[in-house]
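I have placed the structure first, in the form of structure tokens, so that the comments after it can refer back to it.
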């Protein structure tokens, strides 16, 4: 952002109109910041295909350019040359607007992401809320796409997607509340700065896990991708879309996953914090990119290895497990934090707090979270065993019944 | 700076459009949407008055809290209102308020 | 009278959004399009809140309306739309049109003729989300509205679930 | 950098953001082949001609999920400021927040008990 201000000053000095100079510098800033996601998405498409291929024991794109790096451009040319079908029954305006909104809402998220402590688009006071609010445009675009296609399957698919998205937004927001509460601010720069003593993932691993799972669902990735299930169903809400418009939905999803990785790095892993990050903005940027990429790669790993869940399982998992758990976590963390603060064992402001100052808080919060995780894991294991036993009994009964029927 | 009356004029126009929708539309869901418009016209007014009011440190947050409260009321109204519409539709196969006249004497 | 700057341009754009969307809501035949128009209109209102330096309220406006109420209205539209179609959009069109026009004129007269004192001043301190949060749990502040909001939402949720659920299940 | 300037940045960003996806679509619009025919532009359902309206009957369960989501979403109007100011509150701040959350959890458990969370 100082680039903008500096540029603005330069222009005014060289005799330009101050309003125009301000506008131009803003415009350049916007183009700079928005360039990042646009370049990223081109790389991401290649990364995603390559990794999926490796996990499935294939080679993946390897023809166009070295290691198939130019594959994305080839894809783009292909998509451009594809015929773009708009069904006659569709609502033309909304049908065409929906992919635009879907992609734009993800790009818009990058306006508030800080790349280093001093290089960002804007440092909004309400950045965390901005994230959730802008993401809701994505939900709306799914709904509009499904309805505007005027296709039964598209509409049904859109409804399922929307039901899933809104359901998993509840634990997501509750998990988001924890970093906001610990840092005492919604600004992403402040949240990252407040982790100088200790990363929030150590203070509340449970919040991170909940956030991770629900953002996996928010982006419609496996194991929550029943609603699209590319390989089995004919695709969900975007069934009628073809050519570049379909490509936009796809690119938006890829970019959203990576954006979530960066966001989690900022919220829970200290963002750009790492050895020597203060030496140079490049190093800070490197750390943020590294952390974000690692989280992103784990989501790819999960996507390619975990089987799909049924829709009733997805819903039950959210409403009967994640939501109560995330609410309980907020209550627990806030209670412990307040008690620690009243006992003067915890600093009131985490910004600049050193590791020894943070130690008592860290131990108490971490242990309490760990206890909950262990307890829940035990509970889940017991429940899973019960379900397994009952399903085995059903199967045995079925085999016996069919065996006796065959004997007759 | 935009003068206060311009905000109020927009809010007035919005409120009137909402009133027209409530009076004239037949579909209950459309009426509900028009009510949302009216509530939001009030919201513009509250925020504008909050921003332009004379400085009074005690009351500095009144407009803010009022607006947040109206958001909540609007949400609750939408939730219950739509539930009633769905319920009436299920029993009478109609979304026109005039058709729900069981309680008429 | 108005200089051309970011604020006045923004005001102009948001006015088009708000009023255009509102007119779309009351005139469109198709309820789903009506919902989209409603969202356009409420987006404009979120813009006004930004101009009035209440970014938190603007974000919340978008979160609640575009994120949640739009979805809910669409679900309700789909649930109630399969058998009957309402063919005429309006009843008593002319009286309502006249009534709302008269109302509009009265309101416009009310806001432009400064009967109730004409002074306008912006507050010195623009309060932040942080102050709002503190005031919410302040015994002299807004702790009662805070609790009432929770109670209202709980009641609304229980009531709506009770009404909307199928009787047989 | 004042507040409005920040939002001018966001506003400009929001205006430009749809342009990025629109650009490739526009390019595709220039280059793509155009050979529509009646069958190709008909609704893609299962090969057979579409019967009836898209307005199939939906289940009320969708509405109930939307409803619970709405309530929790609206709750954030108060919970986010509460969380932001949490470090500067006394113990009473925790009690108030706890009561707020507790009341809403009540509603969730009501829904649970009434089996309204079930996807049947």
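Each chain carries a letter (A, B, C and D) given by its place in the written order, and its residues are counted from 1.
We adopt the following convention: a residue touches a chain if its C-beta (ideal position, glycine included) is under 8 Å from a C-beta of that chain, and two chains touch if they have at least 3 such contacts.
Computed from a prediction, not measured in an experiment: that's the story for all the values here.
Counting C-beta pairs in contact across A-C and across B-D gives the higher total for A-C.
Centre-to-centre, using mean CA coordinates, chain A is 29 Å away from chain C. Rounded to whole angstrom units, the spacing between the C-alpha centres of chain B and chain D is 21.
Centre-to-centre separation of chain A and chain B, using mean CA positions: 34 Å. Mean C-alpha position of chain B lies 6 Å from that of chain C.
Residue positions of chain B touching 2 or more other chains: 68, 71-72, 75-76, 78-79, 82-83, 86.
Shared interface positions of chain D, defined as residues touching 2 or more other chains, are 3, 8, 56, 58, 60, 62-63, 66-71, 73-74, 76-78, 80, 83-86, 88-89, 93, 97, 120.
Among all residues of chain C, those that touch two or more other chains are 7, 51, 53, 55-56, 60, 63-64, 67-69, 71-72, 75-76, 78-79, 81, 129-132, 149, 153, 156-157, 160-161, 164, 166.
Every pair of chains that touch is listed here: A-C, A-D, B-C, B-D, C-D. Chain C meets chain A in the complex at residues 5, 32-33, 36, 39, 55-56, 59-60, 62-63, 66-68, 70-71, 74-75, 78, 128-130.
Chain C makes touch with chain D in their complex at residues 6-7, 10, 50-51, 53, 55-56, 60, 63-64, 67-69, 71-72, 75-76, 78-79, 81-82, 126, 129-134, 136-137, 139, 143, 146-147, 149-151, 153-154, 156-158, 160-162, 164-166, 169.
For chain B in complex with chain D, the touching residues are 68, 71-72, 75-76, 78-79, 82-83, 86.
Listed in rising order, the residues of chain B touching chain C in the complex are 1-10, 12-21, 23-27, 29-30, 32-34, 36-37, 40, 43-44, 47-48, 50-55, 60-61, 64-65, 67-69, 71-76, 78-80, 82-87, 89-90, 93-96.
Chain D meets chain C in the complex at residues 3-4, 7-8, 11, 53, 55-58, 60, 62-64, 66-71, 73-78, 80-86, 88-89, 92-93, 96-97, 99-100, 103-104, 106-107, 110-111, 114-116, 120.
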